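As structure tokens, here come the structures.
In the two assemblies presented below, chain A is common to both, partnered first by chain B and then by chain C.
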Partner chain A sequence: MRVALCVWLFLISVLAATLTRAAPPGRYLSQADFLQQAFAGVSFQGRLLVPDAGLRQRITALLGHPLRARRLHYWQADGRTAWVIDEIGRDEPITLGIVVGAQGIEQLKVLAYRETRGGEVTRSAFLRQFNGASLNHDQALTTPIDGITGATLSVHAVTRAARLALLLTATVTGP
Partner chain B sequence: MSRRHWWHWHRLVGVLAALPIVYLAVTGVLLSCSDWLGWSRQPVYADWLASFYHLHRVAPQQGFQHQGHWLTQSGEQVFLDQRPVARCQSELHGALWQDDTWVAWCGHRLIYLDAHGQLLEQLHGVPSGRRLGQWHGQLWLQGQTGFRLDAQSGLWQPARPPAQILWSQAQPLPPALRQTLRARTPLPGISREQVLQDLHSGRLGGRWGVWLVNLTSLLMTVLAATGLLGWWRRRR
Partner chain C sequence: MKPLSFLAVLLFALLQGCASTPDADFVPVSNEQLQQWSVEGRLTLHSDAGKARSYFTYTQLGDDYTLALRPDQRVGKARATLTGKVMASQPAAISGDDDEARQIARQIRDTLPMENLGYWLRALVASGDAQQQVDDRERTEQIREQGWQIRYRDYMRVNDYRLPQRLQMRGPDVRARVDLVRAETGFLTSPCAQESDAPATAPPPRQETVTDLVPADGSAPLPQWINRGDFCRQLKKIHGHKLPDPREGLFGPGSMMWQLTGPLAPAGLGAGRALLLQIAHPWITTAIDEHSIVREDPLKRARLTFRYILTMVYGSTPQAMTAANKVRSIHEQVKGTMPEKAGAFAKGSEYRANEVNAMIWVQATLWDTLVRMYEKERHKLSDKEKEQFYQETKLFAMLFGIPDKALPATWNDFIAYNRAMWDSRLLTVTDRTLQLKKDLFHPHSIWMILPLWGQEILTAANLPPHLRDEFQMKYGWWQKFNNAMLMGSVKVTDFILPDSMTWNPVYHEAEARLKGKRVGWYQRSMISLILGRKRLVN
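Moving on, here comes the complex of A and B:
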């Protein structure tokens, strides 16, 4: 009897967790607003990065898949570099705005989320975990990132994008 | 009613319900796996399903042309001639050929493609506008005000568009290409998961399909009840 009760309680709690509403798909922040927030009114310069074969290889190793785009725009001011990166969660690309400074990631924002599930990654509490993260020798983040049940693929996508932004910043700013 | 009678009814209902239960079980398992299989976003092309849903395939009629090559949109897919080259969830507002590159305007982003349809870049942050044009190697956008794209910074600057701008304009597709793209256009508004849901609920078979599923549910309930009662009586 007790076992049956436990099973029912477990099933109900799983159902309740599933029904908890995640953030809906949508556009959360425009690129213009992201750059405005990133540089807080300071004048910034836009540049274009065309990754060479060596960098593309390192990107493929880091992402686990090749970078589809052949070039990327980025913006710089006051020793900070901002990137807008698309990375696929499960089916759809998540558009992320990432600011990298001397001490690692300073800001990570979701500009657009298109998946029907896993929208918990748009929450600021989750995104704040990336602040201060940089890459170690294994190209992994120095800060551990807590996963979210039901949003695993989106969490992995955001983490990959964060690592990519750090790698690209190291490339454009030099050693 | 004797124990023997319970088992007799149990067996009879079991035989009657066996096939529908297997059908519901298979579609149910597939439905629970559809997320994992990626069927929630997989389009459906079958013509026989179009007649079931009373849907009409909306084939693209117009596209953007450069020297005999066409960039057009069908569903969420952007095609270069007959090849799918990019995804665009919103409307393809405009496209033009600039410096050996296709520039497609999709929602809030520009998609840059080379002559073979390979992705060069996706540039976010396109302001609201009505039409996309080019003049002297620069991209322009006209909305309530005008914007010029600074190619180096990737940012749009407010500016008044000159009168000589060549605005991108959709043109009717050649009939042969329209026919080819029609076959590659998914049925609007339904996914494989939707079809599976309608198979599972019986809705795809109309009113009779739903009644059949309801009847199967009733038989399953009877099966459970007779099984339980038979077991209870045997226990006593």
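Moving on, here comes the complex of A and C:
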């Protein structure tokens, strides 16, 4: 019986090995690689922003929900500020790397995408639309962003994160 | 038995190596996102004041932390606590009556930077001027901060997060080692947090549950879309007054739920029956056709289902709540319109996964099948045991947002509901259903031929006869003979093998959690093999 059990377990394990397939990874760019690309060899310094009550209120108004994280990481060099921001698309957070310079957004990259749908927002053609965008008086982006059918929630999440990065950059760099 | 277990796991490990490493593709959510979390394990501290050692639970709710100490007990009541706020300069407050525990608490407070501990335990830097070293999987290897060096050894996946499992801290004349056993990543205070104020949809008044669920005129029952308010109210109902210790979860070791789902054989033998009863409901077939990956990747689909079900059954209360919210969210995406008339459901009518009647039916197939197969494979259950089990399944139903009053009240009502469903127009085997059944029982590899053949025999033996005929399944003398052989073989195997091999490994993991321990290597290997995770309910 024990031999039979071993054979059975062996068969099951062969089956599992046959059927198990690696899921496509949701990591598109590591934080380290994003920062290397963002600052292109320039030495940068990491900082932490702990929003006070007033800023949290403005963030809530901008996002339409409170910020989950207690703190936000950012990096600065050469007049540019890079942020790594998590914003929920439908259920899962999309991790975005956003570089803001004097003329608005310079780069927007998806570092990790965890949702099962809406992955079209990781395409560079979509993300390039954000280049040069800044905030107008209504806290909206100055550049119109074309949506993607079937990825509406993800598009909205990326747009919210872009607006948040601009708001936060204005906060840490001053007027 | 150990050499046998070792051999089995060795084979698993070798073959798993050919497939994929659990968690290899896992992209964790940033630990900065944790708002309510806790970790527990053991802390060993070496300082000028000597050596101190204690089991502990560190809990953080927002900015408030509590370090509960139990010097000689892995679980149970704290003998001393330190409380304070992260990133605050005020020293932690100590409370507790036990002198030894208070002494340890003082030593911890005087030597460790308590305001930073909540970050370091999550492998996060506490300030902007820290140095952080990460590996190629973005796991923190080391943090240097404020004269301290924190080195991380292992990590554990807990829900969507990756938390450290072992860390060593070295500071000015202080060394500390932290070995973590488990963690919770949410729902520590309230199951639904912000959603609890959502408006509720009051269910229509019910006169008699069975006739409401299975209308006598053969029409489809009134759909009751579940909204967030209903769901959260049900979750709170469970959370508020059921089990006093969240560590035990919704059911616990004395429950009929654990007794019946613990042995692997009954659920395994009945899997086909439950599945076919489910897809006989036209909504289920349509939802699978339009939304499920079961045809493309049956193993992945099965793993997802079992992870959630087993977490709800065996997880701690916060783990069960987390799983329930995930499932509700997944189900919300499953909706559409019927592509053709099927039984009581008109072409073009709406279907949704988060609908009370459909969910009651899916769950009914599980519990009815489980009891049936348990009694056939093990022993008869008394009426009292069945009633207790059924009342426990109501808790499970509530995790899906099903209101208590929508469910058949007693076990006898539940049986009546099942029989009424079998004979109703709500269950119909259409061409699509038949195709789905064919696909589900189709062996995708040579290794699946024998198990699926056995499963088909067992399913034919246990389906209601008219549904068996509708599914075009034979059950003649040859099938009856094979059914008897299969049942006999399983009974003998169950008799010979120890519980460690015939009971669900997640059951063993849950038992270890109750003791504040990590489950042993054999069960860990089985969980990894079956569920593709290194831990589920620890």
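Following the convention adopted for this analysis, the second predicted complex is superposed on the first by the 150 of 175 C-alpha atoms of A that agree within 3 Å, B and C clash if a C-alpha of one lies under 4 Å from a C-alpha of the other, contacts with A are read in each partner's own complex, and residues count from 1 in each chain.
One rule holds in what follows: contacts are C-beta pairs under 8 Å (C-beta built on N, C-alpha and C of every residue); 3 or more make two chains touch, one makes a residue touch a chain.
Computed from a predicted model, the values in this text were never measured in an experiment.
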Determine, under the contact definition given at the top, whether A:Ala53 touches first (chain B), second (chain C), both, or neither.
-> neither
Taking the superposition as given, does A:Gly26 touch the first partner, chain B, the second, chain C, both, or neither?
-> second
Tell me which partner A:Trp75 touches in the superposition: chain B (first), chain C (second), both or neither.
-> first
For A:Arg114, select first, second, both or neither according to whether it touches chain B, chain C, the two together, or no partner.
-> both
For A:Asp91, select first, second, both or neither according to whether it touches chain B, chain C, the two together, or no partner.
-> both
Tell me which partner A:Val42 touches in the superposition: chain B (first), chain C (second), both or neither.
-> neither
Contact residues common to both interfaces of chain A (with chain B and with chain C) | 27, 30-32, 46-48, 68-73, 84, 86, 90-92, 95, 112, 114, 117
Interface residues, chain A side, partner chain B - complex = 27, 30-32, 35, 45-48, 68-73, 75, 84, 86, 90-92, 95, 111-112, 114, 116-117
Inside the complex, what are the residues of chain B that reach chain A?
-> 35, 38, 40-41, 89, 108, 118-125, 127, 150, 152-155
Where on chain C does chain A make contact in their complex?
-> 4, 7-8, 11-12, 14-16, 18-20, 24-25, 27, 29-30, 32-33, 35, 62-63, 87, 125, 127-128, 134, 136, 138, 160, 297-300, 326, 329, 333, 444-445, 447-448, 450-451, 492-493, 496-497, 501, 529-530, 532
Interface residues, chain A side, partner chain C - complex | 1-2, 5-6, 9-27, 30-32, 46-48, 50, 68-73, 84, 86, 90-93, 95, 112, 114, 117
